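Letters A, B and C mark the chains as written, and numbering starts fresh at 1 in each.
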Amino acid sequence: MTPGEPLVRWDWIASHAGEIGQRVGEHLELTVIAVAVGVVIAFVLSLLALRIPALYGPITWTTGILYTIPSLALFALLIPYTGLSLLSAEIGLVSYTLLILIRNIVAGVRGVPVEVRDAARGMGYTDRQILWRVELPLALAVIFAGIRVATITTIGLVTVTALIGQGGMGYFILLGIQLFFSTALIVGALGSVVLAVLADAALVLVQQALTPWTHAR
Amino acid sequence: MTALGDLVRWLSDPANWQGSHGIPVRVLEHIELSGFSVLVALVIAMPIALYLGHTGRAGFIAINVANIGRALPSLALLAFGLVIAISLGLGLGFWPTVFALVPLAIPPIVTNAYVAIREVDRDIVEAARGMGLSEGQILRSIEIPLGLPVILSGIRTAAVNVVATATLGALVAGGALGRFIVDGLALQEYDQLMAGALLVALLAVATEVSFGALERATVPAGMRVVR
Amino acid sequence: MAERAGATVELREVTKRYGDTVAVDRLSFTVPAGRICVLVGPSGCGKTTSLRMVNRLIEPSSGEILIDGQNVLADDPTQLRRRIGYVIQQTGLFPHQTVAENIATVPRLLGWPKERIQARVDELMKLIGLDPERMRRRYPAQLSGGERQRVGVARAMAAEPPLMLMDEPFAAVDPIVRERLQNEFLRLQRAQGITVIFVTHDIDEAIKLGDRVAVMRLGHLVQYAPPAELLAHPADDFVAQFVGSDRGLKRLSLLTVGGVELAPVDRAKLDGAPVLPSSMSLRDALAVMLSSEAQEAPVMDGDRYLGALSLQQIGRILRVDEPA
């Protein structure tokens, strides 16, 4: 860092408030799209794995490989095909959510007590009614735990998409690295962490509203 | 599919396999950087986690530290690594990246080691204590062997994350495989970019797979029978 | 409560095979409408399998099951199950639904109007001794074990089924609560006139609750009889052993003092002996007489003196039905 330069220059933050707000919006947009699309795809794949148990292995193996590939590498591999675009960023971000979400959806549904399923069948629920009215509601707490982890992870990863021209708060981090400018670094890094914490808290509230039976006393 | 063709051509060019900028050197740099960072993280995290696990203290923090770690963006860690390294006068490249990777590796190691020790059946520990084993002996001869697969799975998570994130080191003038990606991006040389991405991906998967095999091999024989 | 007739259930040569193993072998019996039939036997005897074939949670390999003359195998299984109550040991209450929602399960599946469902839920909650105002919105996790079982029974009865299947419903609660639940259940069953098929491994529960008891062993029906008959004339050594060496005493608990031929002894001679109400079981009478060291005791129906019961008489009843 330049000598004599303070760690945080408040005047810079004040004069860039508009841009910071805009990047926060971009960060959230990238995150929400990724998690929403991830949930939809994971849900379909999970239902498939629950219907045909033999598919669970290959599905988690494939999504596990996707999860293992470094984010920057995955974005890089996409560039020749989808360019420095939102699409490249989202393909990468979505593929990181899948493993966590699928594991939690399947584990949640499989974790429904046998006797509850038996009672439902014994009272005349159809298989579809058992899935939608018993298994999925009961799995909701575990599914939400997965959504929370996926969201936190995605918020962190969004910063990396700054390297392919997206990035939300990652833009400031990259700017800070390129200019050796600590104020931008701190704005970007702290902003991303704060977003993660706030998003997690919001999801906890949503989950509590959706699953009143888990905390009734 | 010209991109794939370019990729194959780049990888089969002997010039890219030689010298200080060649693939073998970059792979070694990547392994060196990752291995060193994981080692430092282990030296810092393991004693703390084993102590907390054995005594059952600070459970909430130990269990949740992994989630907190997940919220830290790797790019931000790199930025802070950069600040620290420069203020310590350690320069660019290797050290800023290490300072970024160590805090990234610590949370999963702590959480898994803590859980691994806590999950050992308390009756077994009580029995051992009843037979006169010291606390250190209980940890060494019972809790660590029984918890080893879970401990290793934490180190695996840490190692895979570190291998993946070490790629970003190239942003602060580091070497390793990230060099190909960052240079490829900057120069718009997509063959180099994709080759770097492919090599990092392979290295990460190889790390994952070899640790997985190690975990399975360390399940105590008596517990394997039960399964 | 309107009188509702239970259904007559008939099993004909019902068999369940798993590969080469025969889990249930040509099982045949009839349960008269409004009666409780208890299937009893050691674990693995096929009693639960038999029960679960009635609502087709398990498909029979062969044979017929008739409910009021209708073969259940001709029905759509889910439609069939909505007409049959089902209670299991672990209750299977839905943890994500309140007590009221749980009880309303089948009426909702059947599309009852809201007001009718709510009235029925309140009615049932009162019947099982839970205050609707206080308990309606509770979740299963907020109930005691006994309350959960009661809700399980109420849920099974909600759509006024003519038949209920119960699989060890009281096995998971402690003995005192079990006794109370059994008594409540009997009262409820008599009031509603529902036919019940009940599975247990506990012979005492079978004798207490059953109008008929079916003893099963290794997939076979060994004996099908009213409890008194079972105790008096066990079909073979297995049944004799299963009902226990104290089966004479158990049988005494099924007979009342008033049902015995009493001796016309002068009431004045029995001063000091304990007074036995005519509705008392012979087993309790025996206990009272032994502890008071009386040889004879007066039996009273209210204020009316009926005659004297002697220890010798009880002994004679015990001996009469002993097999050779």
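Annotations
We take it that a contact is a pair of C-beta atoms (placed from the backbone, for glycine too) under 8 Å apart; a residue touches a chain by one contact, two chains touch by 3 or more.
All figures in this text were calculated on a predicted structure; none of them were measured in a lab.
If the chains shown are joined wherever they touch, the resulting network is a simple chain of contacts running from one end to the other without closing.
Of the two chain pairs examined here, A-B and A-C, it is A-B that is joined by more C-beta pairs in contact. Taking the mean of the C-alpha atoms as each chain's centre, subunit B and subunit C sit 62 Å apart. The distance from the centre of subunit A to the centre of subunit B, with each centre set as the mean of the Cα atoms, comes to 21 Å.
Subunit C has its Cα centroid 54 Å from the Cα centroid of subunit A. Every residue of subunit B that touches subunit A in the complex is listed here, in rising order: 3, 67, 70-80, 82-83, 86-87, 160, 163-165, 167-168, 171-172, 178, 181, 184-185, 190, 193-194, 196-198, 200-201, 204-205, 208.
Here subunit C touches subunit A in the complex through residues 55, 57, 78-83, 86, 88-97, 105-106, 109, 138-139, 141-142, 155-156, 165, going by the rule given at the top.
Taken in their complex, subunit A has these residues touching subunit C: 113, 115-126, 129, 134, 137-138, 140, 211-213, 216-217.
Residues 1, 64-65, 68-74, 76-77, 79-81, 149, 152-153, 155-160, 162-164, 169-170, 173-174, 176-177, 180, 182, 185, 188-190, 192-193, 196-197, 200 of subunit A are the ones that touch subunit B when the two sit in their complex.
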